[in-house]
Structure formats: C-alpha cells, structure tokens
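Let me give you the structure first, and then I'll get to my questions.
Chain lettering (A, B and C) follows the sequence in which the chains are written, and residue indices restart at 1 in each chain.
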Amino acid sequence: METAEVTRSSETTKVVRQAKKKNMRKLVTISLFTAPALIVYLVYVVYPILSTLSYSFYSWDGTSDKTFIGLDNYVQLFHDAIFWTSLTNNAWVVMTSVFVQIPLGMIMALMLFAPIRGIRLFSSVYFLPFLMSTVAIGLLWVYMFDPINGIINQLINFLGFENVAWLSDENTALIAILLVVVWQFSPFYMILFKAAMVGIGEELYESAEIDGANSWQKFFHITLPLLMPTIVSSSILAIVGSLKAFDIFYIMTGGGPNHATELMGTYMFKQAFINFNMGYASAIAFIMFLIALVVTILIQVVDYNRKKKGAF
Amino acid sequence: MKKISALLSVMVLMLLAACGGNQGASGNADNGDEKVIEVWHLETGEREKLFQEVAKQFEEDHEGVKIKLLQTPNDAYKQKLAVSMSGGNPPDVFQSWGGGWLKHFVDQGNVKDITENVDQDHYLEMALNNGTFDDKVYGVPLGLSLDVIFYNKVIFEKYNLEEPKTYEEFTEIIKTLKENDVTPLALTNKTKWPGAYYLMNFASRIGGPDLFESAFNREGRGFDDPAYVEAGEYIQELVKMDAFNEGFNGIPYDEGRGRQLMYSGQAAMMDMTISFLNNVREEAPQFEDKLGFFVFPTIEGGEGNDTQVGGATGPVWSVAKESKNPDLAAEFIKALTSKEAAQKFTDRTGTLAAVKDVVPEDEFVKQFYDVAQNASHIQMPYDQTLPPELAELHKDTTQALFGLSMTPEEAANKMEAKAEELLE
Amino acid sequence: MVQSLRKIPLYLIGLVLLVFTGYPFIYMISTSLKDQSTFFERPFAIFTTIEWGNYADVFQMGLTRYFLNSILVSVAAVVAVMLIAALASYPLSRMNFRFNRGLFLLFISGMMLPIHATLIPIFKLSQNMGLYDSLLALLGPYIAFSLPISIFILTQFMQEIPKSLEEAAKIDGCSHFGIFWRIILPMLTPALMTVFIYNFIHLWNEFIFALVLVSSPENMTLPLGLQDFYGEFSVNVPGLMAALTLASLPMLVVYLFSQEKVVKGLTGGAVKG
C-alpha cells in the first residue's frame, strides 16, 4: 500500500514536472517570438503613452515649470463645448468610415474579381488615392471643391443645381471632407478584402454553381460569411483610424469654419502647438486613446461571442 | 523566402552602417574647433538666397565658424520650433514675427536678452518694439510689411472708379462692381488672417489707433468696446452686400486661388499685405501694370484717420538662451539685419526694411515706403501681438463673423472674456 | 450575347469608380505640366498645356539625397516591421496562454495614441539616446508605430489558417519556429503584402516625425525636401505637383509588385500545401 502511494505520488510529480517543463518551454517560445516587438514597443509606444497620461495632470505650457493640477484638465474638458463638437464630428467620421468606406472598399475588391476586361487597369487606378500623399490630396480637393469653378460645382451645375460653397459653409464642410476621407481610404480596404478573397477556395463556388446558385446567392452565402473576420478587423481599423483622424482635416479646413470640422485630433494639435496648452492637449490625447481602447475591447468581446456561438 | 530574408538582413546592415557614419557629423554639436551656428527660418526664394549670402560672408569674416541654415515652411516651422524648445535643444538663431509668439518663448526663459549686443537706434522704433519686452530686446527685425487694399486699375478705369477715401465711396464702388458682375473684393479666409485685417482696420478707423493698445494693456477699454462691436457690424454688412467672392471661408491664401481671382480680373480689389507684390512678380508678372493700391478708407465720425495703417514685422531674429555660442549668434543676427543686408532685402523682395534710412530703389516699393514714412501709427496684427491662445480666438471669432454664424456682440464678449483670463 | 449584355452594369460601375478614384491623380499630373502663370490663368482646366519645366526643376533641386534617404529608411523599417510583427503575431494568434488578449491589446494600443501627443517624449528620447538628427532616430518610431496595425492584420489572417496543417507538422517533429517559418509564413503572403504596401506608403509620406527628429539636410527624407515649394505666403503648386507625381511612382511600382505577389504567393502556397 505504501509503495503504491509512493509510486502514485512520484508519478504525479513526474506529470507535474513534465507539465512545468512544457509550460516553461512554451513561455520561452512565446517570449522569443514577442521579444523584438515588445522591446521596440516599450521604448517608443508605452513610454509616450505614460508620458501623455502624466502630462495630462499638469498645467504645462511646454517648457517652463509644470504645475500639478490633478484632474482639472479633464474637468475643464468636460465643460468644453468645442471638445464636444469635435467628439460629435469624430463620431461622423467613424460612421462614414464603417458604413460607406468599408462597403465601397468591398465593392471595389469585388470588381477586381468580376469577369470583365481590363482588371489590371482597374486594380491600379482604384488604388491611386491611397498612394497619393495627403498634402497633394488636400490641395487638389480644395481646388476641386472650389465654390466658383471647381469641378464638383461644375458637375452640380450640369445636373441643374445651384453652386454650393462646400468648405466655407458650416453645413457642408464636414460632408465635403468626409467624401475625401472615403475616397482616400477605400482602396486600403479594397486590398484588405482582396487579400481575404483570394483565400476563398474556388471549389466552394464551383459546388455552389452545381447547386444552381446565382451570383447574389453566392455572394451572400459564401463570400460575405467568409469575409466576416475581415469586416470585423476592418471596422476596428476604421474606427481607431477615424478617432485619431487629423491630416486631411487640418490641411483642408484646419477644423473650421467656426469649428464645423473640428476633430479631437485637430483640437488637440491646436491646444498643444498653437495655444501651448500642452497639459490640456495631453488630456485630449489620453481621452482619444481611452475611447479607442474601449471601443476595440468591446468589438473584440462581441466578436469573441459571435465566434463562440459558431455563427458567422 | 530565404533569398528575401538574406537580402533584407544585408539591407538592414547597410542602413545601420550608413547611419553610423553620419551620426558623428550631424547635430549642432561643434566639430573639433569649428563653431556651428544653427539658424532656423521659414523663407524661400530671394529672401532665402539673401540669408545664404549673408551666411557665406559671415563665414569668410569669422574663421572656424559654420552657419547652418534650415528652412521650414510656416505651420511646420512653428511646430518644429515648439518641440525643440520643449525638448531642450533649440537652434542658436531662430526667426519669428515678434509679438506674442516670441514673448511666449521669452516668458519660458528660452530666449537670450540681446539688449547689450545690438544698437537699438539702428532699427525703426515701431518695428523694434515688436521684439522688445520690459525694455529688453529679444528680437531684431529685418522686414516691415504694410496692409493695404490692392486694386485692378484697368477695371477701375473701365467703370470710372476712383480710389476711395471714405467708407461711403468704398461701398459705392462695391455696388458699381456688383452691377457689372465683377467680384468687388477677393477674400481667402480659410487662412483666417486675411479677414482679420478687416476687423483691425475697421476697429482702428472707428475707435482710433489707441483702442487696441488700451484693450491689450487693460487700460480702460476692452475687446468688447462698442468700436469692436461696430467693426463686426461693418464686416457683416459687407458680407450681406455680397462684396466678397463666394465661399471665401473655405479658400486658403497660400495656394493662390484668391490671387488668381485678381490676376484674371474676376475680382477687382483685395485687402492684403504688400507681400502680394512679390507674389505678382513671381506668379503673374504682366499683372503688375494693372496693379494699384490705396489705404483702408476712413469712416465718418470715427476716431481714426488714413495715416494709421496696419503692418507687420518679419523676419524678426532671436538668439536661443541655450546657444553654445550666444555672442557669435548675436553677431550673426546683426549681420542679417545690417544696413547693407536690409537694402538688399528691400530691393530684392519687394518688402520694406525695418532698418532706418533704407530707401527702396524699386518704384512700386517706394510708394509703400512713402505710406510708411507718412504713417502716424502702424498697427501690428493682433494675431502676432496677442498671446497665442487669444490670438487664435481673435481669428476664429472674426472668421465666424464673416460666416455670419456669430453676432458682433457674441464675438466681442468672447474675446473680452478670454482677455480677462489671459491678460493682466 | 446575353452574357455580354449582362456585363454592362458591371462595366458601368467599374467606370464610375475609375473616374472617381482616378480623376484627382489625373488632375495632379495635369497641374504638374503647367507653369505658374498658366496655372493661375486656368487652374481647373485639364491638360491645356504640356510643359516639362517643373520636372526639370525638380531634378535640378537635388532631391536625390532625400530620395535615397527615404528609400533606405522606409525599406529598412518596413522589412523590420514585417519580420517582427509576423513573429509576434504567431503566439498571439496560434497559442493559448494567459496573457494572450492582454498582450494583443498592448500591441494594438499603439495605433490609438495620436502621433502629435508622442512628439515631445520621442524627441527627448532620441536626444537621450544620441540619435537626434540621424536616420536611426526615425527608424525606431517608424517601426514602433507601424507594428500595431501590422500585428493586427497578421493575427487576423493567421487565425484563419487551419490548425490541421500545423498538427501534421508537429507530428513530424517540427518546432514552433519550424512551423512558423515553413508553414505559416508562406501561407501569409497576401497578408504580408498588405502590411508591406500599407506601411511603405505611410512611411514614404511620413512627415511629422521627420520634421521634428531631423534637422540636417543630409538626413532629410523626401517629404521634408518638398518644403522648398512653400514660401511664407505662397505655394508653388505646379512645382509641388510635379515633385509629388514623381514621388508617387515608386509606390505605384511597389503596389503592382506586391499585388502580383498576392496572387502568385497564394497559388504557390496552395501547391505546397
């Protein structure tokens, strides 16, 4: 009996030891794989995030001594009407990105698989907006939106409508820039979808064809479900990107007129580098960071549950 | 895959090697005995060439000194300088416009007091004041710009118009031009400061040139003074008359659309700084023959008159306190603003010099010079004088006035509230 | 006949998208072929004149050094990012461990911080490390801020690769690294190419870090070199457009190359698998 117990316990220790050894090896593997990324990360990303957080508790104009003011910046932010305007505008950018930009990107990707001639041309031209520098895009679109003779108004006149003062009018400025945003970033989602679509096996379509499915059915029953992971990740990218949007807005309107196109990003920039309220700007930056983080976690959780249910 | 990865590692190694080699030679550290003065500015064209010539001469006169000029355009320049100041590694010499922006860095203790280094009598007093705080000189001016209304002489002749003296004459001209389908005034107000000149001019004509000084120094009058409210009303009256081109609040200045309206004859007048002359010469030389200008018209019953004009200083040169060779740097900014350099500056760039006794040779520029000589007061732009945050609010509220999305009272009250918070 | 008639709507959609996406590029090229005064006479007209003067000017401006710097730093950063991100994505997407989600979030949190907020900390950092005003100063932030989106894209793709392949390899005695290198990486080509093209374009056009971290002409990248077109109150629009047109060419080549790889890499992978 005693011996039996001894054997059993030595067996368990052996198992435990093996499991520990296995765990150790796993840990080493994980560390080796992630170490290069982690190192770069800690230095260049985690450090600035922590700096931003700490600056946000100070009243700081850039160089002279900082004064610790606790949460005052955040309290002030909460009562800042311009901040709320910019938050709303950011929400519009998010909506447009998710509901216009991503579907358009998908349509463009589908076009590249369509049974028509000249795919190479389509594929190259569709991508052009994404490889143009934002400086060029901003400048050219300002000319295209020109209230007097710009091509957009020429088109509108041709269709029998009155001139619109696109970027000058507080009611249309945001719409105008959102159009440019859609134009600029759809190609990126196009290549994301294209990369996902080439992964879908031909045999799926072939067997569907044998079953007599038409193009729409094939799209809704094969393509779309298989693209779901890409749609989810595109949405996260679009939302995170939209929350910190800056460049094209800064170039085209600078957030104006009268803050009609102000974003958290442009407002933060102005507070930091024009008004020299670095502490306040850091608070805005940190709020931007938090919102993006929370939204990403939420989407991940929803996505996790979706996968767990086994539904596409 | 193997081939690619081998290629990649070779490339990375090459990069590291290449950078390792560069590293020693870069930065603004001194190399051996050579003293390096790093100079940041934002000018291109003839202005930049002039700086390069002065630098070359300076290097010849001072053995073992190297001048390193770096040009960065406007917005990027402000950001680059702000970051380098905050990060504790500013250039030895930097350019500004004087006023509130420079004062911000002075208050932070980042700018060297050069009162002892320079001869104050060398500069025009009004211009030097813009770089002087608490009687200490922190920046010396090279250029002086004026704000006038440019017009197309051919269009004026065609409709028998004459340079207006009063606001009534001005609005008559606007009406005539409108009847003939000419845009009276070109305005590019995405940039905000072109519109701000109207507010400054109206306020000065209505409330007198002391109005701003008094509001700025908190000496009785405020930014909610009735004159400011009235100035806002005048602006909105012009907007409602359709005096400006369509969509002005969305058109940027630098990219040239507003100037294009002038060059092509679609618009007849434009309120702008005299730097416009230089633009004309570069972009549409044949237009210069048609170009005329007048100073902002007077307003009946107002306290101001037409010897009071708007102006601006720039470049204004300063030395960073952190500079390793502060006295040498101060020598260099004296060279940049020497009488000889100033003469070249005015002759080659179509702007006035901020140095005394420098008369422009160019006939057109000479007309600007005469206006400046006869001026009883030169109003520096608010956005350069006020502290940065208030300056920004001034431009934002004025743009909103033009967009008819804010009443003159609202704009004035917002300005005054912020002024009370920021000014002592 | 019926077949080709049914394709008409497809061609129509294709063409509308073609004009929508292509017009600004055409406008850019057309503007680059005007001299300043023709541009000011008729800024909206397309291909009224064809003057190559701006291109000659661009070549005379000596942008070669900037161009080389841009290639060097973008290629080095992108290559490093692809490697580092693929490595990190492997355990994140294919191994179960306790901090998996947390680590993943840490990695992608980098894309949530606005770049402008990081400027002052990173400026100080590069100074302390003695890298300020060198190409190496750019390499760190470029890699770090390209990693989040790269890891994000790569993990998504890796998750979709069937586990069965890997298990077969494990039975054959392959280590994790072997699996990663021989099985996962080749199957990842489309995703890697997406990461490649995305990051290359971003870094090629990157302005703000370059502006702040470099102040000697010999270390400048192409976007900084374009500043010569900006005066205090004016922009030489046609000249700028000529330079930008030229600057976009390498990216077009990179794009076409990478898209070729997406298709080829996939068929190649399928044969191997």
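By our rule, contacts are C-beta pairs under 8 Å (C-beta built on N, C-alpha and C of every residue); 3 or more make two chains touch, one makes a residue touch a chain.
Since we're looking at a predicted model, the values are computed, not measured.
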By number of C-beta contact pairs, the top two chains: A-C
Far-end chain from chain A, centres as C-alpha averages: B
Distance from chain C to chain A - Cα centre to Cα centre, in angstrom: 15
Euclidean distance of C-alpha centroids - chain A vs chain B, Å: 38
Residues of chain C engaged with two or more neighbouring chains: 43, 83, 120, 207, 235, 237
Overlap residues in chain A, where contacts from two or more other chains coincide: 139, 143, 146, 273, 278
Multi-partner residues of chain B (each touching 2 or more other chains): 79, 83, 86, 88, 255, 257
Touching residues (chain side chain B, partner chain A) in the complex: 78-79, 82-83, 85-86, 88, 104, 107-110, 190, 192, 245-252, 255, 257, 266, 388-389, 392, 396, 399-400, 403, 405-406
Contact footprint of chain C on chain A as seen in their complex: 26-27, 29-30, 33-34, 36-38, 40-41, 43-49, 51-52, 107-108, 111, 114-116, 118, 121-137, 139-141, 143-144, 146, 149-151, 154, 183, 186-188, 191-192, 194-196, 198-199, 229-230, 233, 236-237, 240-241, 243-244, 246, 264-265, 268-269, 272-273, 278, 281-282, 285-286, 288-289, 292-293, 296-297, 300
Residue ranges of chain A touching chain B (in the complex, touch as defined): 61-64, 139, 142-143, 145-148, 163, 165-170, 173, 253-254, 256-259, 270, 273-278
In the complex, chain C residues that touch chain B: 36-37, 39-41, 43, 72-73, 75-76, 79-80, 83, 119-120, 123-124, 127, 130-136, 139, 181, 185-186, 207-208, 211-212, 215-219, 227-235, 237
Chain C residues touching chain A - in the complex, by the definition given at the top: 7, 10-11, 13-14, 17-18, 20-25, 27-28, 31, 43-44, 83-85, 87-88, 90-92, 95, 97, 101, 103, 105-118, 120-122, 125, 140-141, 143-145, 147-149, 151-153, 156-157, 159-160, 176-177, 180, 190-191, 193-194, 197-198, 201, 205, 207, 223, 226, 235, 237, 240-241, 244, 247-248, 251-252, 255-256, 259, 262-263, 266
